[in-house]
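Same chain, two partners: chain A is paired with chain B first, then with chain C.
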Partner chain A sequence: MRNATFWLLAGAVGLAVVLLTRVFFTNEYFFFAAYVVLQYIVLSTAWNILGGYTGYTNFGTGAFFAMGAYSSAVLHKLPDLLQSTFDLTIPAIPLPVMIVVGGIVSGIVGLGTGYLTLRLRGVFFAIATLALAIVVQTLIVNWDYVGGSRGIYIIRPANAPLGGGYIQYLYTLMMVLSVVAVGIARTIERSRLGLGFAAIRDDELAAEAAGVPTLRLKLIATTLSGALMGMAGAPLPYYVTYLDPTSSFNLAYAVNSVAMPVIGGMTSWIGPVLGAILLGTIQQLATVTISSALNLLIVGLLLIGFVIIAPNGIIGLVRARQRKRAMAVEALSERPVERPAQ
Partner chain B sequence: MSEHPILAVNGLGKRFGGFVALENIELTVAAGERLGLIGPNGSGKSTLVNCLCGTLHNETGSITFDGRPLAGLIAHQRTRLGLARSFQLPKPFHTLSLVDNLRVPLLYTVNSRAGHHLHGSEVDARCHELLRQVGLGDKARRLPRDLTQVEMRKLELARAVATRPRLLFADEAMAGLSPSEIEEILAVLFRLNEEGITIVLIEHIMRAVMSFSTRLAVLVAGHKIADGLPQDVVRNPEVEKAYLGE
Partner chain C sequence: MISLDLLANAVVAGILLGGFYAAVTVGITISFGMLDIANIAQPAFILLGSYTAYIVNSSLHLDPILIGVVMLPVFYLLGMAVYRLYYHAFESRGEQAIQGLAFFFGLLFVGEVSLILIFGVDYRFVEAPYIGPSLRFGIFDLPYRMLIPFIVSLAMIGGLQLYLTRSFIGRAILAVSQDALALQLMAASPTRIKQIAFGISVATCALAGTFLIIIQPVEPSIGRDYIGRIFAICVLGGMTSIPGMVAAAILIGVVESITATFYGPSWAPAVAFGFLLITLAVRPAGLAGR
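Let's turn to the complex of A and B:
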């Protein structure tokens, strides 16, 4: 499928799902739950650009995500601040602008983190990203303007654009972000950039020897991945209406955005999408029917199961079957079946 | 042989902590030459290749490739200048098919140079041509894990050759292969040399080195102790001492 066709198709699917759900579901809770699943599609797709394509495991998803959320909180308070200090009146900043700003902020942090940590490989890189999450959380906890450790209340605008309630609006925005994230991931996968990422993942020295500028490519990956995570986090203050460091830096974001691509399959854009839909939906169902405390247990058990049975995820299972079939066909065509003499 | 050397190494030195891996290495390679680089295990052959290709950083000395100093250039930039290598232990891109393995150097090295850029179908055609040249034409869609050891070496060479190098370091491309497989790899290397690629062969298998090289350089414990015609070098008493003891 050509790239433009894919973008059109992804956009059409996103639009159709939004329209159908908004027509057929009247219960607000559906949108609350679906928002989370969509948010995880963005997060796991973003994680996979660095983790799956280039092979660098990032445990700092929470930091990039919360940075997006907190940049929205700052922008939310900005009109008041300008009013009180400079007597300057500006209108409330619309959420799509906040999403872009959140993306830029987290993208820049991604670039900086990449520059500082990409000399590290494997588990050392993972530890460095975990440390990043703690450093950023400490900064936020000590920043009074955004509520410090107390947290901050965000009052949603009275009217939601695009008709319907505010949660439907958030849900629609997150659908747009999902389509954008998945579109970017697939575009990368089929491009020269994606090939370079794969070469880095498989062997960095060999990639350099083949002419791949590995540092530059890794910085592109951390920046893009960070930016998309920040964009996923930007609407969070309006979703929860009360933003605090403990919940916005929750380790669950990091764990889920690693687990979802692993379960779905890390080498393809569809893997994180499948993983996020599967795991996200199970978690939402479990939250309603059993208990929200069960979520991480479910993730853990599924993760163990997949690592044992299907280490390359759902996609890996499908690919292995395709490969086996292709090899069988090839073997048949190479060697005509010899009939034993009767 | 042309008058200007394609590679000139002057006073190159490399240390790992207190261990001197290479000291004051002087080496020139003429364009079109087939140089054999030999030496006992741990004598610094691979370290020298790593320094020349930019994988390691040499503390002292200078490297000039085709009249251009290489100081400060990192590995991929040197590859783009025309300096290619194969690795001692093959390092294929194991999740990519053989075609895609070769696509990487074509897109990132050949297409990053000035001049004609290969487009979609040309890249495909060139990948298949390279695979055919090393006898892997019918395995284009396979993954590296389906290959035998000798095929893996050929893929390694093909990937280095795909960068359109002017100078190729073949780092123990034949270790662990059977005599007939060694002949196969040698044939590939001879053909590449005829096409104008200067080749430095780092090798332990003396029969292969002697039949391939037009000149031989010997490294022992980080020093170059001999350099000259192969038949002279192997009779050199110092070389004999290094290999056989006193």
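Let's turn to the complex of A and C:
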């Protein structure tokens, strides 16, 4: 499938889902739950651009996500600040602008972290991202303008664009972000960039020797991945209406964005999407029916189980099965059969 | 004007804190530095040590450090079991990198959530005669709850250093960190040596966890703060060197303590991570690195 066709198709699927759900579901809770699942599609796709395609593990999803959220909080308070200090009146900043700004902020931080650590072995990058989450959290805790450790209340605008309630608006925006993230991931996968990423994942030294500009490619991956995470976080203040460091830097974001691609399969764009829909839905159901602490335990156990038993995720299982079937057919007919495309 | 008394006390408190950090990090120096296994679940094992001390101390009123010593063999066996699982699932398949990290990350998370489910998020503490009073020594104020972990920690690390440099198995562990293939050619099994070494690295958590709960009340998510700190100290100390690690631990302890005294405790967590990021960027071989 050509890229343009895929983008059109993904957009059409997104639009159809939004229209259908907004017509048929009247219960607001559905949109609250679906928003979280969509947010995880963006986060796990973003994680996979770096983790799955180039093989560098990022445990700092929470940091990039929260930076997006906090940049929105700053922009939300900006008109008041300008009013009170410079007597300058500007209109409230619309949410799509905040999403773009959040993406830029997290993208720049991603670039910086990558630049500091990506010349080292992959493990050091992973540990540095863990450290980054704590550094950023400490900065936010000590920053009074955005509420410090007390947190900050965000009042939603009275009326939402695009009709319906504000939560429907947030849900629609998150669907747009999901389509964009998945589209970018698939475009990369089929491009020269994706080939370069795969070369880094398989053997970085050999890739370097073959003339792949590894550092530059890795920096592109960290920037892009960070930016998408920031964009996913930007609408958070309006979703929760109360933003505080402990919940916005929650380790659950990091665990989920690692677990979802691992469970779905890391080599293809469909893996993180599958993982996010599956795990996200299970968690939403478990939160309602069992308890929220227990559903995190389920995620952790699933993560451990999958990396041990099925390291290539659901995609890997499906492909192994296809290969087996192809071989069986081959053996029966005793003539070569075209293998399914990888 | 900075008060000199305050500064001197902050430095001494930092040195004591550094001794505790060294006990927390020594396991990582063995598993990550020497065996190249990035065990980011180490804080979960440390917390397991803390909660074991809490359970036994609150029911049997035993001395927490004694509990830590008694638990050493149990943690050693636990570590060996975790290594066997890790070996069969990842090392023998040649898939250490991303899957192995994800495995330990999952362990860390499962450990934390399990502790929350069992004990809740309340702070837990132990009781011992030396928690509370302190030793006055001139202008210095040395709380026993810091002093005793400091001394026991240095004793444990000194013992480990002697074991690694003098005993046969210890030297085999150092050898496996340098060249596993050469060890195989000498008819020793790297896997068995690594299993023993990983067991030791987890065993240190029994004592480190006890120190943690002696020094401060503990709740399940506290372990997270230690991930970056212990890796920062390990990298700063030059990865494989135990004396280098102790020096780095004391350096970080002192800087953190001064930061907490003069700028407020809420800034202290960023110190170690700032150090880590700078070290990784400027001098990845660490202080004592080759």
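Here is the rule we use: the second predicted complex is superposed on the first by the 323 of 342 C-alpha atoms of A that agree within 3 Å, B and C clash if a C-alpha of one lies under 4 Å from a C-alpha of the other, contacts with A are read in each partner's own complex, and residues count from 1 in each chain.
In this text, contacts are C-beta pairs under 8 Å (C-beta built on N, C-alpha and C of every residue); 3 or more make two chains touch, one makes a residue touch a chain.
Quick caveat, the model's predicted, so the values are computed rather than measured.
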{"item": "Overlay on chain A: chain C relative to chain B, clash or fit", "value": "fit"}
{"item": "Partner chain in contact with A:A131 - chain B first, chain C second, else both or neither", "value": "second"}
{"item": "Partner chain in contact with A:A210 - chain B first, chain C second, else both or neither", "value": "first"}
{"item": "Which of chain B and chain C A:E28 touches, first, second, both or neither", "value": "neither"}
{"item": "Contacts of A:T267 with chain B and chain C, given as first, second, both or neither", "value": "first"}
{"item": "Minimum C-alpha separation between chain B and chain C after superposing on chain A, in Å", "value": "6"}
{"item": "Intersection of chain A interface sets (partners chain B, chain C)", "value": "none"}
{"item": "Chain B partner contacts - residues on chain A that touch it in the complex", "value": "192, 195-196, 198-199, 201-203, 205-214, 267, 326"}
{"item": "Of all residues in chain B, those that touch chain A in their complex", "value": "53-55, 74-76, 79-80, 84-85, 87, 91-96, 100, 103-105, 107-109, 112, 141, 159-160, 162-163"}
{"item": "In the complex, chain C residues that touch chain A", "value": "32, 38, 40, 85, 89-90, 93, 95, 97-103, 105-107, 109-110, 112-114, 116-117, 221, 224-225, 227-228, 231-232, 235, 264, 266-267, 269-270, 272-274, 276-277, 280-281, 284"}
{"item": "Interfacial residue positions of chain A with respect to chain C in the complex", "value": "51, 55, 57, 59, 116-117, 120, 122-124, 126-128, 130-132, 134-135, 137-139, 141-142, 149, 251, 254-255, 258-259, 262, 266, 293-294, 296-297, 299-301, 303-304, 307-308, 311"}
